[in-house]
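In the part that follows, the structures are each spelled out as structure tokens.
Heads up, the next two complexes both have chain A, just with different partners, chain B and then chain C.
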Partner chain A sequence: MKNKFFSASIIIIFIFIFFIFYKGLENSNIYTPKTNVKKNVPFFEAKLFDSSNKIKSEDIFNKNNFYLFNVWASWCIPCKDEHPFLMKLSENKNIELIGLNYKDSILNAKNFLKKYNNPYKTIIQDIDGTIGIEWGAYGVPETFIINNDKIIKRIIGPINETSFLEIKEIIK
Partner chain B sequence: MKLFKYLIIIFFLFSLSLSNAENNNLNNKIAKNLRCLICQGQSVYDSDSEFANSIKIIINKKLDEGQNENQIYDFLESKYGEWILYDPKFGKSTYFLWLLPILIFLIGGAILVKLFIIKKN
Partner chain C sequence: MFSLIGYYSLVFGLLFSFLIVLLSIKNFRDKNILNDKIISLTFFQLFFVIMSFLGLIASFINSDFSNETVFNHSHTTKPLFYKISGTWGNHEGSLLLWLLVLTLFIFIFLLRSKDQTKQYRILTLLFQQIIIIGFFIFIIKTSNPFNYIFPVPKEGLGLNPILQDPALAIHPPILYLGYVGSSIIFSSTLAATSLGYISREWAKHIKKWVLVSWIFLTFGILLGSIWAYYELGWGGFWFWDPVENVSLMPWLALTTLFHCILVLEKRLILTSWVIILSISTFALSMCGTFLVRSGILNSVHTFANDPERGLFILIFLFCLIFLALFIFFFFHRVQNKDTNSFFWLSKETSILINNWFMMYFLSVVLIGTVYPIFLEVLSSEKISVGPPFYNKLIIPFLIPFLFAMAIGPKLKWIKSNLENKLFLIIFFIISLFLSISITRNLNSSFLINTVLIASAFYLFLITLRDFVINKFKNLSQTIAHFGFSLLILSILLNNIFSTEIITNLKIGETFRSEKFNINFEKIEQQNKQNFRSITGKFNIKNSNGTSEVLNPELRIYNQPNIVTSEADIKMNMFTDKFMTMNLVQNQEHFNIRYQVKPFMIWIWISVMLISFGGIITFFKKKYEK
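Right, the complex of A and B next:
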């Protein structure tokens, strides 16, 4: 009787463990950071794109309106896909576009903007990728919508039709 | 006297490279404990992606600023979440992970005791 109870409990434990691992198989193993958390804009100091002057984060996000902070690079192919959406957003007066030129050569970046137009009001440089890390970004392109010094939306990957409409809805 | 001078110079150079090596070791240790988020199954140390290289630069910078290992982990965890750490902390979602090996060990021990010791008696 005791022996039976013993083996039954072992079987139950193994079924339990199997079930947990089996459930684990269904989970996606591709990680995306939580996007719904409202974080503050990180503090940073960066070089401006077209001059040797430095600018602090509080000098960029100093107004009460909406900001779009876009991580881009001339070598990034999806950045070309989202560029038309950025151009459309730059015509909107409710939002100001800030570009973070990520690990790029200035010459290539300038050519990129010449070819596709410049949607950004301010562009800052991130030569070694450390400012991107302050933002919690891990790839290019990535977009943050900021209001009142808080990140209210984050788009990982290029802006598409859906996210473009979502942004328009937010800044209405 | 001349020999003494040379000895001092050699000692100085040796200690310099030693402290440098220590810093590098800590660098590598931290990088090995971090998961590269865009390259599956690789640590920041193993990976040569843009992301991993930037993280390595950040580790260097923070160590130069005088921060310790845990402060760097906390900083990166606040930016990227717990997933970036290879060593998950004991918490709500990980208690099973931590307790399971102990549980299996205890059950295994109980089986062995039952099979060999109790039966003998």
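Right, the complex of A and C next:
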């Protein structure tokens, strides 16, 4: 009797563990932030890069157009690798490139753009990194594709051949 | 082409599984001897799995990007060695490796168990085939390594650069040999339980398999730990990360199992312990695969997340657990009760005590690893369990554990008296003095550190004395226990006396402190095959006049674009000087982390000693008293 009770309780415990693990599987994928996709563009106010004027987010993303919001910095080595892709995209009429110069010195950033050319239509400054936080950026570089005030795609890390083709597909 | 061969070999291998099962059931019923055809079929199955594995390796070597696995994990510029190691560096390939080892081990088992009864061999084979079939279906259905992509991409996506490292290239296969070796123990235990064959002969026979898995598991963990030490750049060797814990848990279970088997071989007691531990070792290994592969855990090691895969392993794992529990509850009967008595002062009692300690450590690690999952499911609250939890719960219990380990082997089987009491007491006093002389300058937690170091010294001295007195008698056990005391000692001293400096330096700048000055002299840049390397040159002047040059390195990989930091470690017998450098936001500065870590090398040496003890036991003909 005692033995049966023991066996039954062991089996119940294991069934319980199974159930927990099964439920646990549903909320896995901790590392792919799906929630940020299709989210509205966060509101912010920031300094423009080449003047001391301030600009609001609704002044930037005001058209029913595609925007590419790119977090970059001159100290970021992978940014140099994605730069050619940005240059190619800047020739495309369907998309407007916005750069967020993240925790950078203006002088270094200007040299960077002089050396590699400027793909951005507008550049805003984020000296203390707060705008990056607003956007939920993971690091530099990071890219958001925006349409109709919604973030429709984000690329963590540098743009490569694959993501470049994906972007072209989206804005076609 | 190679993918095709690989895929069809895999399907053939599965077909052979069914053939083996059919033939085994037939053979189990009618004949007295094991049909030789079964062994040949097992060989063919192994052959096809090897073909499949070679097919995948060949696809990796040729950079055949029409294969999805190769496309996702390889790149043409990658060195050949890492192309090959990339085969098992990913989910699909690593499962194929699991399967390879599963089939390899059952084949070896059949060859090496000729002196056992037919029924037992066939049942073991059948249980093993259940596992093998499960893995075949898992691989073919959810993680086929030979998926075809069209159009064929020009270039692959590359292997995670922190995995491009010699220690890590061989770490998974060795760890898997340990994990999968426990599958043989599992099948064999189930077979022996259902036949009522848990006996001394069986213990003697299965002991070798326990040892093999244990040795590989120990080496596997050691390699992983060494890799973490020099590659992750945090200067630690064990982080209580869930994935590390997952490899530690089977190790704890296996170590306990090994000691139980020794008792079983001598006295035919602790049979339930042996059965439960055999089942849990394998269940924990499978559970590890589940936790790592399903993405249920929040860990730096998590690679591919796919809930469907997780679900399959989960159901499979629990089927096996329920099968095992069923066999244990219905077939296992404790025989002759009178041999189950223990005299309080005997070898088996001390082994039993240590078993309970090991089970306690195992539960701590288990709870720390899975509790966050339970909590999240039940209350959707996220927590992460870190080193303080483990340290607080494990460290105090190490003290009695070490004492039992020192005194236990001195005792005889069944009943004994403590001999050489004087020695034991003198040694204790000596170790206490040694310990106090080390810890006397400590400000915090003086008492616990003193007692802990004293108990480690105690085991250290006593095993050292055993070397002198016993010469080669019980050499393997003495070496393993000596290694363990050394391990605890070096970990403790390392923890207490490590110093760390984290600072930002520009080229030409010097960091000054009481003990040393660090001068950042220059950096050098070089282009390597698939990464660009930035090496810093640092000159360290110690206050005692000696100086060193350390060259930490940054590697900027091109595919995928990731920066990794390679530590430079100056190792000698007493201290490690450890330095890493990292980029910081302001381009001119580098973040420097400099650590002086005493007795680091002894941690590795002691783990090697422990496994060396196992190796000696493995090659020894006869078990000594």
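The working rule: the second predicted complex is superposed on the first by the 146 of 172 C-alpha atoms of A that agree within 3 Å, B and C clash if a C-alpha of one lies under 4 Å from a C-alpha of the other, contacts with A are read in each partner's own complex, and residues count from 1 in each chain.
We take it that contacts are C-beta pairs under 8 Å (C-beta built on N, C-alpha and C of every residue); 3 or more make two chains touch, one makes a residue touch a chain.
All figures in this text were calculated on a predicted structure; none of them were measured in a lab.
*Asks:* Between chain B (first) and chain C (second), which, if any, makes contact with A:164: first, second, both or neither?
*Replies:* Touch status of A:164: no partner.
*Asks:* Tell me which partner A:77 touches in the superposition: chain B (first), chain C (second), both or neither.
*Replies:* second
*Asks:* Please name the chain, chain B or chain C, that touches the greater number of residues in chain A.
*Replies:* So, of the two partners, C touches more residues of chain A.
*Asks:* For A:133, decide between first (touching chain B), second (touching chain C), both and neither.
*Replies:* first
*Asks:* Does the superposition put A:105 against chain B (first), chain C (second), both, or neither?
*Replies:* Touch status of A:105: second partner only.
*Asks:* By the touch definition at the top of the document, which applies to A:10: first (chain B), second (chain C), both, or neither?
*Replies:* Touch partners of A:10: chain B and chain C.
*Asks:* So in the superposed three-chain picture, is A:20 touching just chain B, just chain C, both, or none of them (first/second/both/neither)?
*Replies:* both
*Asks:* Taking the stated contact definition, name every residue in chain A that is touched by chain B in one complex and by chain C in the other, in rising order.
*Replies:* After superposing on chain A, chain A residues 10, 20, 29-31, 103 contact both chain B and chain C.
*Asks:* Using the touch definition from the top, list the residues of chain A that touch chain C in their complex.
*Replies:* 3, 7, 10-11, 14, 18, 20-32, 73-75, 77-78, 81, 103-105, 108, 157-158, 160-162
*Asks:* Under the stated contact criterion, what part of chain B meets chain A in this complex?
*Replies:* Result: residues 37-38, 40, 50-51, 53-55, 57-58, 61, 76, 79-81, 83, 96, 100, 107, 111, 114 of chain B touch chain A.
*Asks:* What residues of chain A sit close enough to touch chain B in their complex?
*Replies:* Listed in rising order, the residues of chain A that touch chain B are 6, 10, 13, 17, 20, 29-31, 33-34, 103, 128-130, 132-136, 138-139.
*Asks:* Residues of chain C touching chain A in their complex?
*Replies:* Those in contact with chain A are residues 155, 157, 290, 294-296, 298, 302, 305, 307, 310-311, 314, 318, 321-322, 325, 329, 373-374, 376-378, 380, 556, 558, 560-561, 563, 583-587.
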